[in-house]
């Protein structure tokens, strides 16, 4: 149980209440549509907060190149219709130059359709990357997170082969398009690599009991299971497998909840494959992040805000390269040709080109719980994958 | 016996569709002129809310006719809207069809689905019927999801603004006027129907099916007719929703949406078309009002992360309050207020 | 066969939840669509007690039982009592509203995150080996046991105890029951209390088995076809209805398309209702009353 | 020659015999009172004629068999009916309630109604005129704009009678129209029934407990007891038949008192 934090309330509420924001010359107006409340808030509220924290610090330090960032935050509750309204409001009322989305995949379509028409770029900074950001990328859509169902699947299968090339692999997906697409792609990769598949199990969103799904995977001979969906679903799948005495290895996406949960589950057979660094490593980058969170006094788990924090870094870099023209086109021009140092929170830089708004090279790391040390460990360090 | 237990009869002591309702012609004209002037002063955000209200109003009018007038409860209203939105989205995506094809197609699709899901109403009543309409929701969402997935539209189907006589309907003001006209048209059409043989037949079968049948009303036919017509309208409003929001995805049509529509007709006042409009306004505004409260009264101890749950809770509470204390809804409150004022002014006139 | 075990567990879950629907419906003719939320509320109450009052899991569970009884009683006294005498549908819609209210309130209080209740209570949900090929979790084993106990208890209570008879009598003919001196309010309150109690048991066990978040109230919706297929006024009907739905769901997941497991139970429901509108084991007169 | 003729009607509910080989007929312009104690099967006969119950036997109306027809189809043949508990639509006003009964006379199509085309408007005005005439006839015009749910039960019964009249029926079935009415209202009702009969010249079938009214205006009486016919003839004859007196009249006063008192209560 987590008691809600009032400090956060005041800061966010104040921004929301400010109403229409008109851009001054030395100001860049950025709209943030985030699932601050509602069912998905458990995943997205923290990164949104992290992003805001980063921008606040930027502004306190005098902005970038003399420009301050005015962040307009609206809650979309992870709901498509609310996101559509937010998009309209950003574009017609607040005249934002850039939109950031930290929300569910359900909110992508409305935001994209609103923003692309107005020529305003969108940065997806907390969620899975929409396929439209990958080569051949649609103009205006960028993604700074490491989540991509297809690329995560490639990395998962690759690591799985290193670990046990003969394993029969089962796939656990949730009945939302993006998760299904990822796992079916993963199955194709597995079959293409001459490995055996135990099939893709898709659980509808209203699933009460994951046991029957797990049973089917086990009976199909799954020795390893890949899962890629919201954390709550992939972890329930994993629970259901273990409850039936299944002893194979499971590979799941590295989501914001992963680090804390894995430290609680303490199961060395549960691997996360993802592109973010974990906080327990205590690297320079994570130390900065933890220090910032502590200093702000906001009650947040540092590991949950990594993506938002990175979103802040991206904005800093983009605005740093921006000249006097702070229009949406100018921002888009900068974004479509930039390389951003992720300062150790990722394996390498984020490089965007005209054709690729995801990144040219993505680095994956694998984590798991180690029984020997009684702590989290890096199962395999950064490995680079080219994005084609 | 049956009229109180099968129907929603007792919730609704008012019938506001008859002539008396629109009696004050100047007031209506004044209201219309006022509404027509709104876009000149409103911010784009407010226009967006108004447009959402208009779309909701069309859906609420349909549900009011089905449930409030004809007494057939439906929990599948969100599913019907999804059906309309998907018909439009799929037609547009697959064939690039224009609004003159997609909208009628959506109405027809809705009407056909309405016919199919109206069939159980010939055997089932009340709660059982509600449950069979719930199935409608799951079926439509399942089919829509399968299409989205099969067509690779993992984030949803995108729609370009509709083109009407060479004019692209995109601007917030243009949408406001277009939707305003459509709401007025729907209201007018529904009100005409209710003041005709068809509407009276619906009222009769709502009150007592056996008695209605003995008066010559072909109950089965009129029940199905109610389902077909209102489903067509609901589907139409779903298609408008798709165009207005420029996208279609299953995630936009939740079960909660169906409940919101039920809430609109309860809160507005069962049996009254004007009530449906009031309910649509009220229910659409609740979450915004909650957020506004949170912003302006920070000492409530609520923060933005609770916005959605707080408006959920408030919404449930309001529904309960209306059901328990004000079963005649907003329209009932309105009528009492009007009655009090007019009786007061009469008294004053006498003095 | 693991599948059989899965069916048994799922049947128990649906049956336990459906018993709550049947109890309230049988006695007061109200369909409680907030049952799923009340069920999850039971689990959250356990979270609250174990975090705030006691660290002993057994005492926490006992306290939760007491709280759930209080909740059930309050729902009747504060809300549903107002709806007696109102048309049935108004009462049903009130429960819909109650469900929404509870959902919002639970997120307000406990947040949207998924909670690992088992680890909060240091309950080890170990896998129990029944035979070589059948394993179930400890919590699901408890679920099956509790369902059996609850059903036996309810059947004995309804058919053997004085208050049970009164409950059945009130359901069959409230007017006559009232004339015979049965206090209908007491009977209704009892039904709501028992229903919330059995729902809470289901909620607690589900949460122990597979974590807890508000969206799990959807189990209430899924158990619903079970109650209707069997006949809303029949307890053993609910058991069999739960079996039908669970078999369908598990077989669909296993052999056909898991995505259909959301849709098909409702289609089966419609099919059965069209043939036998009062359910497989319900009483025929029910129809005129609904 | 009877306009409406029932032959050997048998009706069972489970093991219970409700009607046992009942035969009766009504002629044009004739007011036939159907009397008998509670539970004798009077309303059941109406429900058989209306097609709500499915009895064995024959029912013919103006040469058409009614057996197996749907109630709405039977109503369409011109069989008008009032109900024991009025069964009006509570939230509509009297005028609208009467308009409902014009259902089968409205010819405009759905589209015409929906768009309120001039044709539909003209037709609606015509039907409204018929309704207003009947309201005038029954002296109800001053109440016509009020929701009937709030009107006294007696008034509702008279509106119910008006609703049956307004359909231009070829036969009128009246189910205890006087139950729940005050003495004054009864006298008024008797006048309306009698004048309707004379004006319309149609057959009328009338279930009634008020023997005073029956002997005053009925042309003929048919007596039912426990689902059997036990008498048929002019009031003067039938009411003096010893069997009828034994079976029925002995209990009349009690039955009537109970009915009158219970009618409004049963309504809910």
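Per-chain numbering from 1; labels A, B, C and D assigned in written order.
Everything that follows uses one rule, which is that a contact is a pair of C-beta atoms (placed from the backbone, for glycine too) under 8 Å apart; a residue touches a chain by one contact, two chains touch by 3 or more.
The chain list, named the UniProt way, goes like this: A = ABC transporter substrate-binding protein.
Computed from a predicted model, the values in this text were never measured in an experiment.
**Q** Could you work out how many touching-chain steps separate chain A from chain B at minimum?
**A** When the steps are counted carefully, the minimum from chain A to chain B is 1.
**Q** Please report the minimal path length, in steps, between chain C and chain D on the chain touch graph.
**A** When the steps are counted carefully, the minimum from chain C to chain D is 2.
**Q** Determine, using the mean of C-alpha atoms as each chain's centre, which chain is farthest from chain A.
**A** Ranked by distance of C-alpha centres from chain A, the top chain is D.
**Q** By Cα centroids, which chain is closest to the centre of the whole protein?
**A** When every chain is reduced to its C-alpha mean, the one closest to the whole-protein mean is B.
**Q** Name whichever of B-C and B-D has more C-beta pairs touching across its two chains.
**A** B-C
**Q** Just give me the whole-number Å value for how far the CA centre of chain B lies from that of chain D.
**A** 40
**Q** Using mean C-alpha positions as chain centres, tell me how far chain B is from chain C in Å, no decimals.
**A** Once rounded, the distance between the two centres reads 32 Å.
**Q** When the C-alpha atoms of chain A and chain D are each averaged to a single point, how far apart are the two points in Å?
**A** 74
**Q** Taking the mean of the CA coordinates per chain, how far is chain A from chain C in Å?
**A** Going by mean C-alpha positions, chain A sits 37 Å from chain C.
**Q** Quick one: which residues in chain C touch 2 or more of the other chains?
**A** 107, 112, 221, 259, 262
**Q** Among all residues of chain D, which ones touch two or more of the remaining chains?
**A** none
**Q** Which positions in chain B are in touch with at least two other chains?
**A** 4, 9, 145, 306, 308-310
**Q** Touching pairs of chains, which are they?
**A** By the stated definition, chains touch in these pairs: A-B, A-C, B-C, B-D.
**Q** What does chain A use to touch chain C in their complex?
**A** Against chain C, chain A makes touches at 1-2, 4, 37-42, 175, 201-213, 215-216, 218-219, 231-232, 235-236, 239-240, 242-245, 257, 261, 264.
**Q** Give every residue of chain B touching chain D within the complex, in rising order.
**A** 3-4, 9, 12-15, 18, 20, 189, 192-193, 195-198, 200-201, 203-204, 206-208, 210-219, 225, 271
**Q** Looking at the complex, which residues from chain B come into contact with chain C?
**A** So the residues of chain B touching chain C come out as 1-2, 4-11, 73, 119-120, 123-128, 130-132, 134-135, 138-139, 142, 145-146, 255-256, 259, 262-263, 266, 306, 308-317, 319-320, 323-324, 327.
**Q** In the complex formed with chain B, which residues of chain D make contact?
**A** Residues of chain D touching chain B: 50-52, 70-72, 74-76, 81, 83, 87-93, 96, 99-104, 106, 108, 110, 113-116, 120, 124, 145, 147, 149, 163, 167, 268.
**Q** Going by the contact rule set out above, which residues of chain C touch chain A in the complex?
**A** 2-3, 6, 9-10, 13, 47-48, 51, 107, 110-116, 119, 125, 127, 129, 135-137, 140, 206, 209-211, 213-216, 218-219, 221-222, 249-250, 253-254, 258-259, 261-262
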